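First chain written, first letter: the chains are A, B, C and D, and each begins at residue 1.
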Amino acid sequence: MLDKIGIAKRIAQEVRDGMYINLGIGIPTLVANYIPKNIHVVLQSENGLLGIGPFPKEHEVDADLINAGKQTVTMMPGSALFSSADSFGMIRSGKVDLTILGAMEVSENGDIANWKVPGKMVKGMGGAMDLVASAKNIIVAMQHCSKDGASKLLKKCTLPITGLRCVKKIVSDMAVLNVLPDGGFRLLERAPGVSVEQIKNATAGKLVVDGEIPEMKI
Amino acid sequence: MLDKIGIAKRIAQEVRDGMYINLGIGIPTLVANYIPKNIHVVLQSENGLLGIGPFPKEHEVDADLINAGKQTVTMMPGSALFSSADSFGMIRSGKVDLTILGAMEVSENGDIANWKVPGKMVKGMGGAMDLVASAKNIIVAMQHCSKDGASKLLKKCTLPITGLRCVKKIVSDMAVLNVLPDGGFRLLERAPGVSVEQIKNATAGKLVVDGEIPEMKI
Amino acid sequence: MIDKRVASAQEAIQDISDNATLMIGGFGLCGLPENLITALLKKGVKGLTCISNNAGVDDFGIGLLLKTRQVKKMISSYVGENEEFERQLLSGELEVELIPQGTLAERCRAGGAGIPAFFTPAGVGTEVAEGKETRVFNGKTYLMEHWLRADFSFVKAWKGDYSGNLIYRGTARNFNPMMATAGKITIAEVEELVPVGELDPNQIHTPGIFVHRIFQGKDYEKRIEQRTVSI
Amino acid sequence: MIDKRVASAQEAIQDISDNATLMIGGFGLCGLPENLITALLKKGVKGLTCISNNAGVDDFGIGLLLKTRQVKKMISSYVGENEEFERQLLSGELEVELIPQGTLAERCRAGGAGIPAFFTPAGVGTEVAEGKETRVFNGKTYLMEHWLRADFSFVKAWKGDYSGNLIYRGTARNFNPMMATAGKITIAEVEELVPVGELDPNQIHTPGIFVHRIFQGKDYEKRIEQRTVSI
């Protein structure tokens, strides 16, 4: 089973040179740490920044420079600043090549639920609905099962939906899976030490296992 | 009868302190020359400039600084530059207080025609349709009659329309008139030496003459 | 030059009445019109509808206005990080309308650009779409969303001039430029107020035509929500 | 840093084929991508649909492409000042679609902002409204207009960096920023091309994400259409 850093490392392997990438809060933010040095990408923050740099040193902290998670950040050379309207304009028009975000549930046709749990205080969807409705390529970072062992890869989402038919790939603590165009999770890789059988048992939605399933290389 | 400069001078009297104003090509552009010095206004050019200054001196000419009539201009202190989308955004949202433009015909309900003459090469509406559809306050500068003596203040426009029910006031070579909310041109002032009778004869649309009509003071 | 200067935040907001609709710029605690929020607190107007991406924290930003029960309704995209907010929401004292962030930004932009409605893909198939018109363009489904406008917009800029031209700094820009365009009355507070002619016309983010009143703010705290440093 | 540099206008347009749809920035002759237009002339591609506010004059700007009969259709707001244009239009060799200037600007902006349609008051009651859906919001009638997108967008900026960030100058900004966002492939020519890090992130008008190729233009003529001076 992968820990959070393992998931982030595996997702980092999906990153290609020249990509503009939006990273959600949590595990997705960690992905930035594991992108190989020879791959040049630009990180987008939906509050109005292209070219997020590392967290600042103490003396560099600037209250006017935060990411979408409200963390203080720095800018890379070649950064650009813009308004929230312009930011979501570039998101909606498909200029962001890759969106990585967390999920509470994903259905076998690619629906995602990640903003609201009935009975709990609703904090809001932030930019998640805009991102999932427009991104060309969405990778979800998630736990395969809830703490009580229930699968989060479902036939249909039980939680309120964030977006329809948008997830392309999932990297969970147990596996890497594609969402097939006609529905179903196609198993691509197993986490180290996890068997296909374990993944089958942990996946409530339709799982497609075709041939030998390799173990992830991290 | 007023000449072009007379019309421009009379329209300049309509300008109030603090106004943002868009001036069309031709007579409207001349209005800027007759705004009293103690009245502070900002001129908008729809190609992306607030704060049009005087024409440049020869050594100040800058190809990157033109007005909507493609004439070289200068900027006033406090000018701002922006895109055409932002420019028409401010026009559509009613931030421009006064729009002054020319017309070929105006109807008694305030319709305006000023962009197309059937049988002649059509050059395009430019920004005129956006301006007339959104401006809070439109003053038209025009000749009361065509060269062959036909009235241009009509019951209904005969030429293709630029915008509906938008003209508030007309300053012609013969008169100043309001367009009444329920239709009809209300005569407000006569040009020097022009009689009410002459204006009646030159106005094909409904003319409302109420009480004594003063002569313009220019 | 059209002079938009007022002496203080108090003077700037003197004609705001109970039940006004306000847009308040900022993302999290970044780019907040701190002086105007403080002046609202002092004035004590009630029943406000606040359009702002977030609702502040318990003791800063719009959170302060929640504490004093001046806010009737929040229109936001994300309202976490605020216990008083949660209490008022659960008790029914506070109405909340949640809007996807990009839709919120675009609805403000539309308000200031004279576009009464537009189509966006955000929220299709979700509860955000309930009761809204949908339409398919090129095989993809979109929702129709309407413009937002406010009685007053509060914006915070880095520099401004006497005629209301504004320049923002860093990610403190966020919602401020669109909100500046969508207020019937837009009030700008700036860290540095300069005479007309000192700002480069080519670098202005919000042209003065959108700004009705401007003043230099004071005592900016610029609270940081998540101070995150690398060693 | 993502390096978007190409060596020349020729290299930048090498994959443009006949019948492509192009957006070309500029207002009148101001802010025109002169080098890209010249390269198109040399390449000789035909059947082009050009979306540009104007059509140039007989011997400058898009007028040059009209002379060589490379343009099949113009989508513009104003096309005066061009005799060859008039001749081709009257003879039926050239198609023309005239669009109100603000609608043209907003349709390009919508294309680059992922908004497939929006409502505008411009053109209501005129022949521009023929065949278009109208709708009443708050008692006022609006037309529904659709986004515009292009196979290639040509834009001209003052300064740009290797990763495609752009700064325009004066009123040469005009349609360039929206067109930059609405091209499947956006090509920028700049008067000064600088290494990444030399432009202030706060002053960038077009973020590099919208620009696919960039080069430093040469021999800018910057023709003036109406040289008007005061004495």
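Keep this in mind: a residue touches a chain if its C-beta (ideal position, glycine included) is under 8 Å from a C-beta of that chain, and two chains touch if they have at least 3 such contacts.
Worth saying up front: this structure is predicted, and the values here are computed from it rather than measured.
*Asks:* From chain B, count the fewest steps through touching chains until chain C is reached.
*Replies:* 1
*Asks:* With chain centres defined as C-alpha means, what is the inter-centre distance between chain A and chain C in Å?
*Replies:* Those two chain centres are 29 Å apart.
*Asks:* Compute the distance, rounded to whole Å, between the mean C-alpha positions of chain A and chain B.
*Replies:* It comes to 56 Å between the two C-alpha centres.
*Asks:* Distance from the CA centroid of chain A to that of chain D, rounded to the nearest Å?
*Replies:* 36
*Asks:* What positions in chain D touch 2 or more of the other chains?
*Replies:* 106, 109, 113-115, 120-121, 168-170, 202
*Asks:* Any chance you could list the residues of chain B touching two or more other chains?
*Replies:* 49, 81-82, 85, 88-89, 91-92, 134
*Asks:* Which two-chain combinations touch?
*Replies:* A-C, A-D, B-C, B-D, C-D
*Asks:* Can you list the chain D residues touching chain A in their complex?
*Replies:* Contacts found on chain D: 1-2, 109, 111-115, 161-163, 165, 181-182, 196-197, 199, 201-202, 204, 207-210.
*Asks:* Inside the complex, what are the residues of chain A that reach chain C?
*Replies:* The touching residues are 45-49, 54-58, 61-67, 69-73, 81-85, 87-89, 91-92, 111, 121-130, 133-134, 160-164.
*Asks:* Give the list of chain D residues in touch with chain B in this complex.
*Replies:* It is residues 27-31, 53, 76-80, 86, 89-90, 98, 100-106, 108-109, 120-128, 158, 168-178, 205, 222-231 of chain D that touch chain B.
*Asks:* Would you mind writing out the residues of chain B in touch with chain C in their complex?
*Replies:* Its residues touching chain C are 18, 20, 40-42, 44, 49-51, 75-82, 85-86, 88-96, 134.
*Asks:* State the interface residues of chain D toward chain C in the complex, per the touch definition above.
*Replies:* Contacts found on chain D: 106, 110, 113-121, 135, 137-138, 140, 142, 146, 167-170, 202-203.
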